[in-house]
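When the chains are written out, they are named A, B, C, D, E and F in that same order, and each has its own residue count from 1.
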Amino acid sequence: MKLITAIIQPDTLDAVREALLRADVTRITVSRASGRARPDASPELFRGTAVAPALQARVRLEIACNDEFVDPAIDAILSAARHGDGETGDGKIFVVPLERCIRIRTGESGPDAI
Amino acid sequence: MKLITAIIQPDTLDAVREALLRADVTRITVSRASGRARPDASPELFRGTAVAPALQARVRLEIACNDEFVDPAIDAILSAARHGDGETGDGKIFVVPLERCIRIRTGESGPDAI
Amino acid sequence: MKLITAIIQPDTLDAVREALLRADVTRITVSRASGRARPDASPELFRGTAVAPALQARVRLEIACNDEFVDPAIDAILSAARHGDGETGDGKIFVVPLERCIRIRTGESGPDAI
Amino acid sequence: MQGSPPVDSGTTAWMLTSTALVLLMVPGLAMFYGGLVRTKNVLGTMLHSFAAMALIGVFWVVAGYAMAFGPNVLGGWIGWNGDLMFLEAADAKIMDEGVPEYVFAMFQGKFAIITPAIIAGAFAERVRFRGYCVFICLWAVLVYTPLCHWVWASDGFLFNLGAAGAIDFAGGTVVHISAGIAGLVAALYLGARRGYPGTAMHPNNLVMTLIGAGLLWVGWFGFNAGSAIASDLQTAQALTVTQVAAAAGGLAWMLIEAAHHGRATSLGVASGILAGLVVITPAAGVVQPKGAIVLAALASAISYGAILVKNRLRYDDTLDVFGIHGVSGIVGAVFLTFFIRDSWMSAAASEVGGSWGMLDQLWVQLAGVGITLVYAGAVTLGLLVLVDKTVGLRLSEKGEMAGMDHSEHGEQGYGMLNAG
Amino acid sequence: MQGSPPVDSGTTAWMLTSTALVLLMVPGLAMFYGGLVRTKNVLGTMLHSFAAMALIGVFWVVAGYAMAFGPNVLGGWIGWNGDLMFLEAADAKIMDEGVPEYVFAMFQGKFAIITPAIIAGAFAERVRFRGYCVFICLWAVLVYTPLCHWVWASDGFLFNLGAAGAIDFAGGTVVHISAGIAGLVAALYLGARRGYPGTAMHPNNLVMTLIGAGLLWVGWFGFNAGSAIASDLQTAQALTVTQVAAAAGGLAWMLIEAAHHGRATSLGVASGILAGLVVITPAAGVVQPKGAIVLAALASAISYGAILVKNRLRYDDTLDVFGIHGVSGIVGAVFLTFFIRDSWMSAAASEVGGSWGMLDQLWVQLAGVGITLVYAGAVTLGLLVLVDKTVGLRLSEKGEMAGMDHSEHGEQGYGMLNAG
Amino acid sequence: MQGSPPVDSGTTAWMLTSTALVLLMVPGLAMFYGGLVRTKNVLGTMLHSFAAMALIGVFWVVAGYAMAFGPNVLGGWIGWNGDLMFLEAADAKIMDEGVPEYVFAMFQGKFAIITPAIIAGAFAERVRFRGYCVFICLWAVLVYTPLCHWVWASDGFLFNLGAAGAIDFAGGTVVHISAGIAGLVAALYLGARRGYPGTAMHPNNLVMTLIGAGLLWVGWFGFNAGSAIASDLQTAQALTVTQVAAAAGGLAWMLIEAAHHGRATSLGVASGILAGLVVITPAAGVVQPKGAIVLAALASAISYGAILVKNRLRYDDTLDVFGIHGVSGIVGAVFLTFFIRDSWMSAAASEVGGSWGMLDQLWVQLAGVGITLVYAGAVTLGLLVLVDKTVGLRLSEKGEMAGMDHSEHGEQGYGMLNAG
């Protein structure tokens, strides 16, 4: 089992969630984060000046999944989180080993509990 | 050492924190997250209609602990985070290996720094 | 590759970010969290009474980095996140193994994608 | 200026205050609506109200007032008095009520601002800002101004229908029914938001919505009690029924929810307050507190039902503009007939020099409502098609997913959510 | 209506405005309180204010006004005039002040709404919504209306105590002391929140609390300056001391905090403003700016001390209803005696046809305060027991942990906190 | 009081209302500013407005009004009337306008409160609270009060300049230009925030900023239309151009942004509204709607440009106090000359018993602006140095990084951001 953490742009969240659903990954956890701004693209406006803020809004996805779902999940994220042909700021995916996974509802653990 | 991440329902946070304290786990980090909604239980109301939102509020706990505390911590969470006999949406617990842990205050590291 | 998670006090965020930049660590992800309050220092005021809230604001940093950057990053955090000679509540640093890292923009993976 | 009536400082003071109170409704509406959409659309939604202030605020002074309150032209379809462009002819004019015409023009202007802002709730979260701006300008010219002329200008045909006109004290037809039907047509024409109704969409800030409802209540005192263009008994009557109806509407919705779901919600209380305020708007000049309570309870109940029906029919009137403003507006304009003060009825009877009964007035009210629904509905549809085919009205799918704040305005509502 | 006094459009304008301003205090209070509780209780706490608007808003019109301002019945315990039910007898009535009675009734109604809403702060975060609704209705009938009758009806016994009555210009006893003592009793009866005082509980939105304090200040101009039922010198005097007292209260609290903790806080400034506004409420008709400054500084100091004492005693008056409203209200009602304008004292003396000194009035004021404390405290206790044993007042432990928003209303205040 | 003019209840009603409306601008400004800073400074920034309410609110009553509106002393540098300390001499005074002097004093007091609160935007996010408090008190005494005396007291020298005085209806010079230049000087003296301009700093709550802009608009009706000290035609004229200018300013900024960046922003609309309101402030008594539209468009355009220039020059006027208040104030005070109503010009001509042309008035206006800029700028600099060297004004680097809320007040604005 692996724990995938993906940092994406907020405007792609809906698309990523739908892509994951198509890849049969239904259970995810989402949270707000901020990341270093991409210095070049789509700046925000502040009283007539385009500014690239130091920290920009990001979304953080956590997906625990069994090994065979890792590549489909990554592909789904890659396909939906990219702007155009890929822009700085599109994000990162991190994969760490997951030793145990426990479903609180039933107490069961292991691959079935994902 | 392990890093435990638990995703629970916000209404159980106080109970879980108390259960962890009883299990002698005092140091935790809490953050807001959202998760796939449980489709069946306790929906929210929106102008007379019961709706199950796509993403519902969740709380994310992170607990770094030495190996002997892992099971007590998990048991504490399981006991306090479950609604009734367990409902969809009650949450998950993930355990990943923790290689190093450093206390910023003193700079000390390893099991003593937990 | 390692995934470093640091829990620090919000008032040190700017200093920590600058220290990391000096250590050549530019890519980080930041999110809000709360932690057990330090019971002793710098309480908040509520109508004339100093109170130590149960959960106090913390900032959570995530840094994925190649192995040779781990120690410099940790040192940078230690140097900037400490209050005075170190106070309870200054925070923790956790290091877990990072198996894969993928850059969404290009799809490349491994140490180059950090 | 010789010969002009003297200024009544008291009446003028209240009309100035009313103008300020009605202005307060615009941020109030922005908060009410802004809190109900998803986080990514909060600024765009609030801007719909603020853009109406800017656009219609200028239009009204340039030509709107001249069209609404000038004498009949084009067979009474609209009014026109070129001297009133830029309000020039009003510069030193005192009206018979003892109020400078400027104040009346500004008070009326606020109604012209808030009406398109109300519509915006129906197609929230999926409209281009540019198209919205063009749409509301055209709508103000071609829908609002004619309706306003018909109902409130002294030579407007609805003002003169029946014995003493179609009763619309403060804008039940002109404001709420017209906005309600326009919203319904727009919601149907533009189609649902991506994911509706499968995905439930969460209000980002019910706290703000609740405060917005509070400000709307306060502002509505100006809206209704100002519509008497006086500071006297009639003003007091209007204020009283407005207060009672708001309270009764909120209470009724609370009880309905408690009966239906076992618990009351803050959005429910806010919606009921709104329904009560809308229903009393046409009626505030003619009904008494008891009637106001009944009307408000009816409005809450029927609006509640209408929203349940909408959820069945699965069209996406995002913030229930038709369900609340349209439906409660119709309830008010029609059912007020049964609660008219006796003195009004006998005055109406003596006006026609004979008898004038409830049923007579009912037909007049139904005519007013029907004409508003048909005219506003049809012209709105035409404008939607026009704007959509030229400037573009519906947001792109990508823009909708990213949210209006990001895609249309390059901003973020709550920077505080970013750590640091 | 022949024979009735003419309407004074200016006075009416100000009374209409005052009514709107006092209404603004309700969302203001909802924001003030709402910002101070924990995130999970924000909507439930704000609903306490809004529910008071809905419930008491209807009750007042149905029977409350008839009870408060009808002639004495039951030996003067309460008033009653059946014709005033649904305000029917007021429909065309102009009062001697030149103001339609409707306006007076609505103005007074706002006081009846805000008083129970103030109490709610004392048992915030742990009360069932249903029980709360029942409680405030009963409280309005059995505590507020009698007190209001005693103090403000022309045949009320406190209105006629001593030479010129117990001075309570705008509700120091009727509103603030009664709410304060009711809050104290309720906090003691219901017991502390889970975890209090061990676990500190964080205000979720001090920004909103601060804005709420601002709106309260604005609304209080209506509260106090409207209580003159005039638009003249006395109104101006009331407005002036209200403004000064709010500023001086805020300043005093700021300085006390700076002295005590080395830094001023936003909650401190807001609390001081509130203390200043409360203390001047009974006194606004009789003191001058210098007196207002002294009273406000006293109120801040004594309230500050009272809250420190509360923290020692460890009872859980969540938002310090007694500490601020009760204590500052008592300070105002008692200490105003030392700052009364000379003209008032000589008028009082000539009223009794002799001399009337500060000490004489002091006894009258003390009597007013004491009677309010005892009556309101005792009846509140009875009502609490009654409601708790029948409908249920205290939230279940599970409900309290989950928060009122979730457990009582099925909502979430800040959806924006959920990503996406 | 015999011999005093009778109270005009209508005018008094409007002036009471105006006072309440101007007070509403203080929370409005707190919201406007508070939303624009970073999360860690939100409370501290809002407290700048609230502290001005507390400090200047007390100072004005104690001595400020006596200084501003007493007869000339020290060669006309300031006024003084000791009897007006604590407003004692005003206690029963009715002014010729039929308004109790108390009301006028309170209305004027709000201007004295809001001016230093405006300055605070220029050095937001980097100032010590204690130093700020001392600074604004001194500034009120040495800058605001003299300017107010010169421009509005009947023996003020700017009030008597030229034929009919330097035109400053509601505070273009006294409030906005003086605050603007003081802000500029303070921003330059204190230096930029840490990280500026390299690091962009994010508004924490544009939603709140937008609501604040709405409340400012509403409050400005009191600010401008109250400055007529009447409830008549002139009041109506002032209200009308205020409304039009706000709308036109917002619209112009929206269009400029759309042309420049292809999209309009909420902050842009809010800024344009503000620019429009500022520009019309000095002009509201003398221009007509057409002129108001032109002035507002000019103000938005020039302020927009000024902010772009600031970004080039890289000085850190955090919230563009000079860019908006200073620049738009100057635009208004100067360009109003070209839009003066004919009747005013002919009255001015007959005043000097001859001819009085646009150019004549232009010199008067330029003199007024120039004197304000030089006097306010110079004295501000002196005060900054003084306060900085004694009490300390600039926040420590550590305090600035941690944020004012934490380091100066020990609080957190949005507790809701903490889970649990």
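Methods note: a residue touches a chain if its C-beta (ideal position, glycine included) is under 8 Å from a C-beta of that chain, and two chains touch if they have at least 3 such contacts.
Worth saying up front: this structure is predicted, and the values here are computed from it rather than measured.
Which chains are in contact with both chain A and chain F?
Joint contacts, listed by label: B, C, D, E.
Quick one: which chain's Cα centre is the longest way from chain A's?
Result for the farthest chain: E.
Let me check something: if the centre of a chain is the mean of its CA atoms, which chain is farthest from chain F?
B
Looking at C-D, B-D or B-E, which pair matches A-F on over half of its contact pairs by residue number?
Of the listed pairs C-D, B-D or B-E, the one copying the A-F interface is B-D.
Using the touch rule from the top, work out which pair, C-D or A-D, shares more C-beta pairs.
A-D
Per the centroid of Cα atoms for each chain, what is the distance between chain E and chain F, given in Å?
Centre separation, chain E to chain F: 33 Å.
Roughly how far is chain C from chain F, centre to centre by C-alpha average, rounded to an integer in Å?
About 43 Å separates the centre of chain C from that of chain F.
Just curious, how far off is chain F from chain B if you go by their C-alpha centres, in Å?
Centre-to-centre distance between chain B and chain F: 51 Å.
Between chain A and chain C, what distance separates the C-alpha centroids? Give it in angstrom.
20
Can you pull out the residues of chain C that are in contact with at least two other chains?
Where chain C meets two or more other chains at a single residue, that happens at 10, 13-14, 17, 30-34, 44-45, 54-55, 60, 96-97.
Spell out, as numbers or ranges, the residues of chain D touching 2 or more other chains.
8-11, 13-14, 17, 42, 195, 202-203, 205, 231, 261, 263, 265, 267, 409-414, 417-420
In graph terms, with chains as vertices and touches as edges, which category applies: line, ring, star, complete, or other?
complete
Which of the residues in chain A end up touching chain D in this complex?
The touching residues are 10-15, 32-34, 42-45, 54-57.
Name, in rising order, each residue of chain E that touches chain B in their complex.
Of all residues in chain E, those touching chain B are 40, 194-195, 398, 401-403, 406-407, 409-412, 417-420.
Once bound in the complex, which stretches of chain D touch chain B?
Contacts found on chain D: 195, 199-203, 256-257, 260-261, 263, 265, 267-268, 271, 304, 307-308, 311, 320, 323.
With touch defined as at the start, can you tell me which chain F residues reach chain D in the complex?
8-11, 13-14, 17, 21, 38-39, 42, 202-207, 210-211, 213-215, 217-218, 221-222, 225, 230-233, 235-237, 239-240, 243-244, 246-248, 250-251, 254, 258, 261, 263-267, 269-270, 272-273, 288-290, 293, 341, 413-414, 417
Write out the stretch or stretches of chain A touching chain F in their complex.
37, 45-55
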